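Right after this note come the structures.
Both of the next two complexes hold subunit A, though its partner changes from subunit B to subunit C.
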Partner chain A sequence: MTHIADMTTSGPTELPTPTPTPGRPRPDVPDASDAAPDGITTDGITLAGIVKRYGAHPALDVPRLGVPAGSLTVVVGPSGCGKSTGLRVVAGLETPDEGRVLIDGTDVTHLPPGERGVALVFQDFALYPHMTVERNIDFGLRLAARHDRRSGPSRAEISSRVAEVCAMLGLSELRRRLPSQLSGGERQRVGLARAIVRRPAVLLLDEPLSSLDAQLRQRARAELVRLHRELGNTVVLVTHDQLEALSMGTNLVVMNRGRVVQAGPPEQVYRYPADTFVATFLGSPPMNLHTVAPAGDGRVLAGPGVAARLPGPPRPESGPLLLGWRPADGLLEPVDAAGDGPAHGGGGPDVDSTAVDSTAVAVPAGPGVVLRGVADVVEFTGDGTVVTCVSPGEDPPWAVSIRGRDRVPAVGDAVRVRVQAEHVHLFDPDGGLRLGATTGRPDAAAK
Partner chain B sequence: MPSPSATTRRIVGTVGRHAFLLGATAIMILPVLWALAASFKTPGGIFDSNPLPSPATLDNYRVATRDFPVWRLLINTTVMAAGVTLLQLLIAVPAAYALVRFPPRAHRVLVALIVITLLVPPQSLIIPLFLTISHLGWRNTFPGLILPQLYGTGLAVILLRDHIRAVPSTVLGAAVLDGARPGEVLRLVLLPLLRPALGAVAILLFITAWNEYLWPSLAAPDIDHATIQPGLAAFLTQEGPEYGPLLAGSMLATLPIVAVYLLASRRVTDAFMHSGLR
Partner chain C sequence: MANPSLIAGERGVDHAPPVVRLRDRARPWLYLAPLIVALVVWVYGPLVFTGVLSFMSWNLTAPHPSWLGTANYSRLVHEPQFPHAARNTLVYAVVMLPFATVVPMALAIALWKRPGRVSTVYRTLLFLPVVLAPIATAITWQFLLDPLSGLVNVVAGWFGVGAHNWLGDPSSALYSVLLITSVKVVALNVLLFGAALANLERGLLEAAALDGATEWEITRHIVLPHLRRTVVLLGMLSLVVVWPWIFANVAVLTQGGPAGSTDNVYYRLFTYAFTFFDAGTASAAAVVITGALALVLGLGLLVAGRRRRAIA
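What follows is the complex of A and B.
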C-alpha cells in the first residue's frame, strides 16, 4: 500500500504500531512511511505547495499532501479549516494562488474542471432543479457526446450507463421525477449517480451526509463505503463529523486553520494524535488533558487530582507537560474508605501512603495513571455512561466512559480512575505537539 | 378575551384602513373609467354630467380605426417595444451573469457605474441621440427607433443580477464539473432557471417601451414608423381636440398592456415590486 505522504507540519509522528507492547517503551518515530523519499506518489492525488488566499489570510496552505489511489480518504476539521477549499482546488472550481495539483501523475492545475476526470458531490447536492432525475444524471454524458461526436459516448451507451447507475443506487423508479419531488436521501443518491456515471478517476464528496437526517446518515455512510469498494476509484470525503472521519475512511487527513495537521490510517491518527488539536478533535467525548509536572526521579508526573508513573527512562523535561487519556481508556476503581486503591494487575498497592492533602493523589506503584475526583455530571448514552468528574484544584473537568451495565457512580460520589501506561499521551504545553507516550526521545531503532 | 372597547377600536381601525385604501383606489381608477365611458359617448355628450354613455355609440372607434391608422400605429409600437425588450435582455443576461462572477469589491464598483447610467435623465440624451441617428440616416426607421432606447439596459442588468445571485453557485459549479462550457452553463442551466425572472423583467421592459412618448415622436414622426403614444397626439387638431376618437384610440393603445397583464398578472406585479419603480 502506498502510504500517504506525511504532512505533519509538526515534528515527530509515529509508525503504525500494531499494538503497543506493554512494559516496553513505544517509540516515537519521525515520518518513516513507505512513501517515495520525496513524498510524491505517482498515483492518486498530490497537492504540492498549494496556497490559496482569501485576502491576506491563507485559507489553504498545504506544502505536500498525497492521497493514495483507490483509497477512501476522509478530510476532517472544524468549519473554516480549509477542507472544502482544498476539495474545490482539486476539482478545479478554485484556482490555487501557488502550487500544483497532480492527479495520477498528471499536472491538472490549469485544466478546466470538466477535463480532470474528477466528479464532485456537493453538500446541497446541487441538482439541476429543472431537469428530471434521468436528465440530471446523463447531463455530463450528453455534453461529452455533443463536444466530441466521434469518441464521445453514443446514445445507446449513455442510456445503458444511466440505467446501470440508477440500478446501482436504487433510482430506477424515480427517473422521471424532478428533484423537488425527491426526499433528501433520494437527492443525495441522484447527486452520487450524477457523479459516478462519468466514471471519474477521483470522486470528491463535500459533506455529503450533513444534510441528511440522523436515521438516514448511518445507512448512507454504509452505502458510501460499499460504493467505494465496488467502484475502486479514489474517493475523497470532506466532513466535520469526527465519527464519519474515523469510521468511513481507509485514510484520514486532519486539517486545522488551512493546514494539514496529521494524515494516516484512522486508527493510527486516533491512537497517536500528533498534537492536542487532533487529540481533542477526534473522539467523543474528547481526550482529557491535564497539566502535570515531573516529580521525583522523572518517571513520576503529578498534578491536581492526577498522578502518573511512567515506564522506561525518566522524562528529560523539567517543566510542566500535558497528560492526555481517552475517556474510554479509564477504568473505574472502587474507592475504599482510606482512599487507597486496590491491588492492580501490574501495580500492587500504592507505595506512597494515602495523601491527606485532598489535591495530591498517591502515585501508583506500577506504570500507569491514577486520577481522583468527584462525579459531577452523569450522562447515560445508551450503550454506556459518560461521567464528568471534577478534580480538586484548578484543572478543567475530565470525563470517563463506563461501558455497558457496569456500576455507575452517583453525582457527588468520589471517583478513582486508573489508566494503563500505554494509553497515556504526553504533549508539549506550548505548541501542543506530541511528546511520545512514555518516552521522551524519538527512537527510529524501535522500528 | 379582548374587552369590548378593544374590539370596537379594532373594527374602527379596520374600517378606516379599508376606507382609505378604497379612496386611493378610486382616485386611481376613476379617470380610467371616465375615459372608457367617454370613448363611447357622442361628441356632444363628452362633457355632460351623466357618467354613463347613455346614448352609447361606437362612432369614436370607427373614426379612430378608419380615418386614422390606429392598427398601423399599434403594430409599429409592438415591433418597437418587442425589439427594445429582446435586445435589452440579450445584452442584460450575459452582462448580469458576468457581473455576478466579479469579486465583491469590483462587483460593487460595477454596480455603482451601472446605476449611474440609470440616473442620467433620458431627456438630456435626446439631442445627441437625435443628431446621431440623423447623421446615420436612421430617422423613421426601426433601428433609429429601437437602438437609442437601449440606454436603459442597466435596469435590466440590475434586476437580473439579483435573480442570478439567487441561483446556487453549486448548481453552476456542478455543470462546470459535468464538462459544460461557459456558454452551455448559461444556456442549459442558468437560463431555464431564470425563466420566471426573465418573464417578469421582459414584461416590465415591454410596458416601459410601449409607453415611451418623447423618443418615438422625434425619431419617427412619419406615420409609417410612428408609434401609438405620439400618434394619439394627432387627434389634437387645429380645430381643437377630438376627445371622442382620442379616448377611443387611448383605450385601444392600452389593450395590449391589459392583455399582457391578464395573462401574467402575478409576474407583472412581481416585476414592478422588485424593480422598486412606479
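What follows is the complex of A and C.
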C-alpha cells in the first residue's frame, strides 16, 4: 500500500488528540462538558471560539484548539499570523472579543494574568532593570507572600525555591548581578527562572530564542527541551522558525492569517501537510509544487517538465491539480544529451513512450514522478547541495537537495529527477487543501 | 608596478605644502570659532569679569571701578538683607522641590495610566503655562490676587473665607509667589515625566502583572524605580531653571516685600545692581550664588551617583 492511499491527515482545525474529531469545526462554542466526548481532554489549554480583532480584521480566529497537558507545543507561523496574540490571550494580557480560554478545565477568560497559573517568557526577556537577578526571580513569590500571609510562601521557602531554579539554570553565581551586567544567554535563563520559580501549570514562551545569536540558539533549544522534560508541565512555545518548530515540540500548531491551519505531532504535520501553506512553510528548501493535469486513464498526471504515474485507482478530477514533493525526496538521475530517455542503464526499464505533449516528459512506467529541467542555481549547504532547476514553460523553478558527496550538476546542465510515489503530495489548486488518494474532495473532509 | 592611486594618495599626505597642512589642521577649529567667540564674549568673559568686579568698588554711574579687596563680601555677610534673602531662598528651594518632583510625577502617571483623547487634552492644558510669557502671567496673577476685586478672593468668599491680601500680607506673600511659580514648574515637569514614562517598556508591566502584582504594586515596584533618575534630574534642574520665573513674579508682584518676606538672593542681586548701581556688591552676590548653587548640585549629583552604585 502506498502513502498516497494511506494518508490520515488532520483537518485544518482539528485537535491534536488521539481520537480524531470531525474535520470541520462546529459553529457553536462548546463548553467543557460537551468538549470531552469530542476528544478534548479537560487538562491542558483549550481555546474555544476565540476571536480577537484589531480593527475590522480578526487577528485571531480559533474555533477550537486543544493543547494537551504536559506537551511541548510549538506554535509556528509567519509574522502577523496571530501566534503571539494567541499566546497573550492565554496569558491574559489580551482579552478576546469572543470565546473562552480553559486551563486544566477552569475557565480563565476573565481572570487577571497573575491568577491563571501561567508564566510567560518574553521575547526580549523583560527583566526588571533595577532589580538583581535574585530579586527578578523572587519578585512574584515575594508578592504572593505579601498578598497572602497565611498560605503564601514563607521566606525560607522562597529562598530555597530561588536557590533551586538558580542551580537548575546555572544562575547561582549571577544572583547579585543586574540584568545590564548579563549576556543575552544569561538574561534568557533569568527570564526562564523567573517564569518557572512560581511553578506555573502552563509555561508560555514568546519567541524565546530569537534574541540569541545563532550558536547560542542551538544550545538554548536543547536546554529548553531538557527543561520541559524535567518540569513536565504544559509548555507552549511560539516561533516563526520552522526548524525550531519541527525539532523541539511534541505537538505542532501551524498558524496563518489568524487561523490554525494544522495541528498534530511534528512528523505527521511534516509528512501530511493539510494544505499548500503548511507544505511550503515547513521544510527548507520548501516543498516544490507543480500544476499538473490528469491525462490518459486518470492514473497519469502531467505538466511542463513533469510527469507522474499514480498508484491505486484513477483520479476522479478532470481539472488541474497541484503536485508537491520535498526537495530531499528527489533522486538525481543521469541524463543523456540527445533525448528524453535516461542514460545507459539508468532506470530505463520503467519508461514507456506515451508522451502527453511536446514539452512533456515521458511518463514513467511504474508509480512515481519524473521531472526534467536545467540546473539554474547550485548552492552548497555543507551537508549537501541544493540545486534549483527550471523546467520549460511558465512553471516556477523547483529545487532538489543532493546529499553528501554525490555528484552535483553544473549550472546549465540538464537535470532529471525521480520521486517515489509515496513521497508525492496532491493539493486542490483552489484553496490549496490536501487531496485524498481516491476522491476529489479535500482529504480532511473525506474522513 | 604597485597601485598608482595609492602612491598618489600617499604623496598627497606626506608631501603637501605646509600651508595646506596647516589649513587641514585648522579646519575643525574654524568651524568651532563662531561658537567659541560667542561663549567667550557672552559667558566666560562676563564670568571672569564678574569675579574681578566682586573685589572692586564701582558705582555704575562712575566712569572707572577702583580696587576694594574683600569688602564687598564682608558687606554681604554683615548687612542683614543678604543673609535674610539667603534664608528665604532656601525656603523657596525646599518648598519648590515637591512641585518639581512628586506633584508632576503623580500627574504624569495618572495621565499615562489612562491614555486617550481626554488625557491628550489635559496634557496640552497642563503644558500651556510653560509657554506663556512670565511677565504676562505675573500681571494676570496680580489681577487675580487683588485683595478687593480679584477672582481668588471672590471664589474664597463663596466658601466663607474672608478677603485676604495674599501678596500684601508678609505671612502669605512668599507662599503665594511660590504657588504661582509652581504652576509653571509642574507644567514643564509633567511633560518631562511623561517623556520618561513613554520610555518605560510595556513588557515590564506585563511581566509584573503575570508575577501577580496589583496595579499599585506595579506602580510602586516598576514605574517609580523607572522614574528615579528623572526625579533626581528634574529636582536639580528645577533648582537651576526656576529662578528666572520666581524673579519675574517677585519683580512684578511684590518687589521683594512686604517687609522683605518674598526677597531672595536673585532679587537682592538685581537690587544691588540696578537700584543702588553698586556693581561690586552685585558681583560679589553673583559669585556667592553661583558658588552655592554649584555646591548644592555637586553634592546632589554625588549622592545620586553613590545611590546608583549602591544598588548595583
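Note that the second predicted complex is superposed on the first by the 379 of 447 C-alpha atoms of A that agree within 3 Å, B and C clash if a C-alpha of one lies under 4 Å from a C-alpha of the other, contacts with A are read in each partner's own complex, and residues count from 1 in each chain.
Methods note: a residue touches a chain if its C-beta (ideal position, glycine included) is under 8 Å from a C-beta of that chain, and two chains touch if they have at least 3 such contacts.
Computed from a predicted model, the values in this text were never measured in an experiment.
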**Asked** Is this a clash or a fit when subunit B and subunit C both end up on subunit A?
**Response** clash
**Message:** A:P334 in the overlay: touching subunit B, subunit C, both, or neither? Say first, second, both or neither.
**Reply:** neither
**subunit B versus subunit C as contact partner of A:G382, first or second or both or neither** = neither
**Message:** Is A:L178 touching anything from subunit B or subunit C once the two structures are fitted on A? First, second, both or neither.
**Reply:** second
**Message:** With both complexes overlaid on chain A, does A:R198 touch subunit B (first), subunit C (second), both or neither?
**Reply:** both
**Request:** Report for A:G55: first if it touches subunit B alone, second if subunit C alone, otherwise both or neither.
**Result:** neither
**Request:** Return first, second, both or neither, reflecting whether A:A144 touches subunit B, subunit C, both chains, or no partner chain.
**Result:** both
**Item:** Doubly contacted subunit A residues - partners subunit C and subunit B
**Value:** 91-93, 112-115, 118-120, 122, 124, 126-130, 139-140, 143-144, 147, 194, 198
**Message:** Could you list, by residue number, the parts of subunit C that touch subunit A in their complex?
**Reply:** 201, 203-204, 206-214, 217, 221-222, 225-226, 228, 311-312
**Fill in**
Listed in rising order, the residues of subunit B that touch subunit A in the complex are 168, 170-171, 173-181, 184, 188-189, 192-193
**Fill in**
In their shared complex, subunit C is touched by residues of subunit A numbered 91-93, 112-115, 118-120, 122, 124, 126-130, 139-140, 143-144, 147, 178, 181, 194, 198
**Prompt:** In the complex formed with subunit B, which residues of subunit A make contact?
**Reply:** 91-93, 112-115, 118-120, 122-124, 126-130, 139-140, 143-144, 147, 194, 198
